[in-house]
Amino acid sequence: MTLLEAIIAVPIVAAIAIAFGSPTRPTAVAAAAINLILILFAFGQYDLVHQEGAYQLTASHPIITVPDLANPGAEATLFGLSTGVDGISLVLLLLTGIVTLAAVWVSPAEDQIKGNKRLYYLSSLLISAGALGAFCSTDLFFFFAFHELALIPTFLMIGIFGSGPNRVRVAWKMTIYLGVGSMILLAGLVALFVALGGQSLQFVDMQAWADAPAAIASSSLENGIFLTLLIGFGILVSLFPFHTWAPEAYATAPTPTAMLHAGVLKKFGLYGLIRIAIPMLPNGAAHWQTLVLVLLVGNILYVGYVTIAQKRFDLMLGNSSVMHMGYAFLGIASMTVIGVQGAVLLMFAHGISIALLFALNGHLRKRFGTLEFDRIGGGLGKLLPTLGLLFGFAIMAGIGLPGFANFAAEVMIFFGGFAGLFAQEKDFVLGPVQIATMCAIWGVVISAVYGLRAYRNLFMGPLPDSTKDRKLADLTLAEQLPLILLIVTLLVIGFAPGLLIKYLIPSIENISHLAG
Amino acid sequence: MLDLLFYIFATLSVVGALGVIVNKNPVTSAFSLIAAFIGLAALFIQLDAYLVGIIQILVYGGAVMVLFLFIIMLMDLPSEERRKFGWGPVAGGILLGCVFVVQLVRVLADYSAGSRVMQDLPVGAASDVEQIGKLMFTQYYFPVQVVGVLLLVATIGVVVLSKKELD
Amino acid sequence: MEVTLNHFLFVSGLLFAIGLAGVLVRRNVIVIFMCLELMLSAANLSLVAFSRYNVTPGGDADYNAQVFLFFIITVAAAEVAVGLAIIVALYRAKQTTDITQINSMKN
Amino acid sequence: MESQNLPWIILLLPLFCAASILLFTRRSGNISALIATGCSLISLLLGVALLRLPDGVHVAAFPWLNMGSNVVVEIGFQIDQLSRGMMLVVTAIGAAVHVFSLAYMKDDDGKARYFAGLSFFMFSMTGIVFANNFVMMFVFWELVGFSSYVLIGHWFEKDSAADAAKKAFLTNRIGDFGFMIGILLVWGLTKSIYFTAIATAVVDEQILNGVSNGLLMAMVLCVFCGAIGKSAQLPLHVWLPDAMEGPTPVSALIHAATMVAAGVYMLARIAFLIPMSAGAGEVIAWIGAITALMAALMALQQNDIKRILAYSTLSQLGYMVMAVGINAADAAMFHLFTHAFFKALLFLGSGAVIYACHHEQDIWKMGGLAKKMPITFVTFVIGTAALMGLPFVTSGFFSKEAILGAALHGHKALFVVAAFIVLLTAFYMTRLIVVVFLGEDRSEKAKKAKEVPVLMWVPLVLLAVPSVIAGYEFFYKGMALSPAFPHHEGPASIGLIVISAVLLIFGIGMAFWGYKGETSEPMAGNRLARVFGNKFYVDEAYTWLIKIFQDGLAGVANFVDKVVVDGLVARLPAAGALRLGDAMRRLQSGNLQSYGFLFALGAVLVIYLVVFK
């Protein structure tokens, strides 16, 4: 068993152990911690110098083999459990490891869970396992299947442990939405597989086919496949206008699920675009670039204004997470090395910061039972100073203050957007990417508006009479620790983004057809 | 002579089968089914499959049908009451049966290999019991084990299902 | 007329069709179950017929088919046991063997 | 100590200070205050030591963000006259404000947070001053905005302070929106983000030849947007007066001397870019001039002592921006330098007054404080004189003359505006002095006022010194700032001095005549005065605009999202699927035999299709 297989296996084993009576919380926290250590170990094992961004730590267990066309007599793997990481997946593994640990940690103690306590902890671990598997797989089938695996516990968690009267309806809505997205995605992936010769589901082989000249003969076919993949992945990442599942689902989901889904699992769609759609269908990507730009501006500006209008903190967070996906799309759609790096870094940064915000959201909900700004009434800064301090960090990270990883990522995305200006020689004209980038920069103002408004409405101003007499406990040290873990991660990467970017650069430069 | 026997037993089994579906009383149906199974067993024997024919009688005609009769009597079922006799399902069932037979006839008409006559078995060949036994305990050893497990599971399943406390 | 393979196959098919019609026509679940057994046996007949007519190079019958038939009988026996147990349980719960009355799957 | 490490120490010392307060001494305000003040004093010493570091000295840079594709954002240092001089201002006023705050914030609950915020501000401001590239400047640009947010919102349980903090941050963000685009345009056009490299490319290699003027103008004005936000120029000036909700020492440091001047500093850094585009300088100059004029008019009718000073700051910043616009960045920096000292002095003075009057800020409830608070009075008068530009004896005179001189040479219309503002400045400052310090006390609080403690008046005295001498040649020689640092080189012409002196005397005289002995605003009924007092109703207009454009748009978007998008993308297909399912449900009778029938029918069909078709 290789390191990566161990990383996928640990949460699954822990989940099974919990199902069969192992103590829930200690097992889950231990598994998450071990996994984080294993992931950091994988960083150590990864050879930055010699491999030029190729998959490393690979292992393959072929399940179906076919005769190798290029190499008569030999067998080629059609499909099998193949694992491997490059810089991109490594960064996302780290994200998963950190968020899982925090999410398991902020899960309520057993006696506070109404319902099946084992299921609660087990689901978090399975979501994590699904995400890890999807990020580690270098086989199209398992890449897809692991993600689907993670959707089931998400559905269960929202439907069973969610808050609010609509939880079952919301769970269904999200599941159907994502199910339809996965179906479209599957259709696109199958079409891609067939169009690339139908010889292999291994990423490496598919990429090799795609890199061959005129790999897909008909450009309309390539465009069609890319569009299908875009919509499929887009639904999973809540690309405008397929985003309406997200805010409600996150507002309803129990805290660890919201953290894991918004923080980690949602990034699967973006990862898929970077891993499959863009490198294997570069012409399709170029053809639909303008469409993607229009949609992502919809994400940033339109959803941004929707976010401003929210009167509940959880809904605001849900919408803001949709909005920030627009930046990641911008980085990808810029089709530049800088932009795609920024997108991956943003996936990391946003994953951590939104998990942090949802964790704080959970603490507020636990203390107040409501998240409506009007009903909480503000002034909590004096009452709950530690919560207020950490909340301030989270909000500032969310709105991209320098020093947090989010800022570095956003700057890179913006630079990626303008890198296209280099391509033209003397005749500088602002193209659609640049215009979309400008819109995105306005999004920074929008996110400041809702972020500060939320902080103002929750923590600043005088204490209302309704909360004056209530005994509200500030965060205990145990409650602070996972939050601090997330904040420190954001700060470390914010101060030294190079720690992650050095892993990204070679792998992203490998993606063909990206502008320097 | 043998041909005559074929026609007799074939008629017996078909009539028995028809008896199963036209009789209102389940007990009568069960006895008709036994008749049909006996006819079938005779056909097997005519095909030189002595072991299979005997097992057909023992297992189907004996054990299974006794089980059926037990259950029928256990439940003390009256014959099917004549309430709301639906022509729809009856017509549909008969129609489908007829269509199936028509298709069968057409298939068989085109099946030239079907017009072969029976050859005698070579003299001195091992008996069917021996041959089947050899095959079962050599080549099909593993499936036999699996079937054994299946029977065990079925037994346990029946016990569980029949428990009174089941709810 | 000499008895050919087709004769056996026709009888087999006829029995199968009768069984099928019975399943669709009858409402007593026990009788339906009997008809299912009939259909299985009808299939057995064609197996044995093929076994006898498709001789091996040595001229002997192909006993593989008869082994297969054993398995079918065994499985059928198991199925009868379990099926009847289910019917009994169902009868206890619903006090009827009329399958038009057993439609909890609706809605 | 390696002298090359000096800038790093100056930069990081306050950061460590802020971090250690946050991490360790959060619960103890007094220790935190002492740590922060100690650090600021050390910083001052280091800031002075920095003056000895030669131009262009190589300081090791930290490659903060290596984006690949040869784009590396460094935390690097550009050490030249500009940054050395600015650093002196920042550390000197920072130290004074820290000491002043020790007394001013003595009994505050959030003392630790306050001093952490101050230290963090020192860190951010240092970063701006040292920045050798645009992105680094932007990083610290945002961070000063953040520390200003924290400090304005220090008394966050007051609604007004909380709103002011939010407003300041958001307004700055709007400016930064333009700034970021400007940075990207500069990068896109010159392929560099480093000031020296851009200067080489633009000035020496003429790389921008052939680029359309529209794009160049957009580039310059977008960069200027950053300055509009940070230096509170029209139309983003609204946050600065509201920022006076913060503690007064903060106003002195951040909202008078340093942060708001960062915009001007940045413009001086990139002054070589402005002439690249025809017309951009003109726009900048006029924005500055109009800001200066309107702010001065607004200052005429304010009754809050800090707001008067705030509008005066706006007005002076407008001066500086105007100077940058007419290619007199030297003059702008000179004025920034002198203004920082006397405006900090004035703010700390007003802080002393407010402290003595138990947090009364309405000038009409003061009066007669000159006798009770002589030190404060004298230093305040010195500051006022410098602000008005009293000829020959104050630093403000020289720097203001430099700007007026540049305007006279460059642009006559701007000169008229600028000269008129001299008159207005003299008027409102005299009004302030007369109403606050002279006459009789007009409230209980003013009656009980007495001289402030030593920790507070010492910084006043110390700041009064540079307010007087910072204009003279010898000051620069002493500080080793000459010759490249912009400073006074003798008055432009006798005529200029005469004009400004006449205007000055006229303004002072009018104010004396109008306000001597008054106990309430004599012009209260005047319609024009009301317009000034209400700040030209700009805030009201913005509130209205925000309501329509932001909240209205948000409401509409929310409605569209809930009804149209969700309806079309989710609910409509869902309803279709339900309807279809309803239709299909009729097939599911629950009757076993109908399923069997369908199954058999299917089997027969399959046979038909496979065998006979």
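By letter and in written order, the chains are A, B, C and D; residue numbering begins at 1 in each of them.
By our rule, a residue touches a chain if its C-beta (ideal position, glycine included) is under 8 Å from a C-beta of that chain, and two chains touch if they have at least 3 such contacts.
Bear in mind the structure is a predicted one, so any value in this text is a computation, not a measurement.
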{"item": "Middle chain, criterion being Cα centroid separation", "value": "A"}
{"item": "Between B-C and A-D, the pair with more C-beta contacts", "value": "B-C"}
{"item": "Separation of subunit A from subunit B, taking each centre as the mean of its C-alpha atoms, in whole Å", "value": "60"}
{"item": "Whole-Å gap between the CA centroids of subunit A and subunit C", "value": "55"}
{"item": "Centroid distance [mean C-alpha coordinates] between subunit D and subunit A, Å", "value": "36"}
{"item": "Intercentroid distance (Cα basis), subunit C paired with subunit B, Å", "value": "5"}
{"item": "Per-residue multi-chain contacts in subunit B, two or more chains", "value": "89, 92-93, 96, 100"}
{"item": "Sites on subunit D at which at least two other chains make contact", "value": "593, 597, 600"}
{"item": "Per-residue multi-chain contacts in subunit A, two or more chains", "value": "none"}
{"item": "Chain pairs that touch, as defined at the top of this document", "value": "A-D, B-C, B-D, C-D"}
{"item": "Contact footprint of subunit D on subunit B as seen in their complex", "value": "89, 92-93, 96, 99-100, 103, 106-107"}
{"item": "Complex contact set, residues of subunit D against subunit B", "value": "593-594, 597, 600-601, 604, 607-608, 611-612"}
{"item": "Subunit D - residues contacting subunit A, complex", "value": "63-69, 71, 73, 135, 138-140, 142-143, 146, 149, 153, 156-159, 161-163, 165-166, 169-170, 173-174, 176-177, 180-181, 184-185, 187-189, 191, 210-212, 215, 550-551, 553-558, 560-561, 565-566, 568-570, 574"}
{"item": "Sites on subunit D touched by subunit C in the complex", "value": "588-593, 596-597, 600"}
{"item": "Residues of subunit C defined as touching subunit D within the complex", "value": "20, 23-24, 27, 99-100, 102-107"}
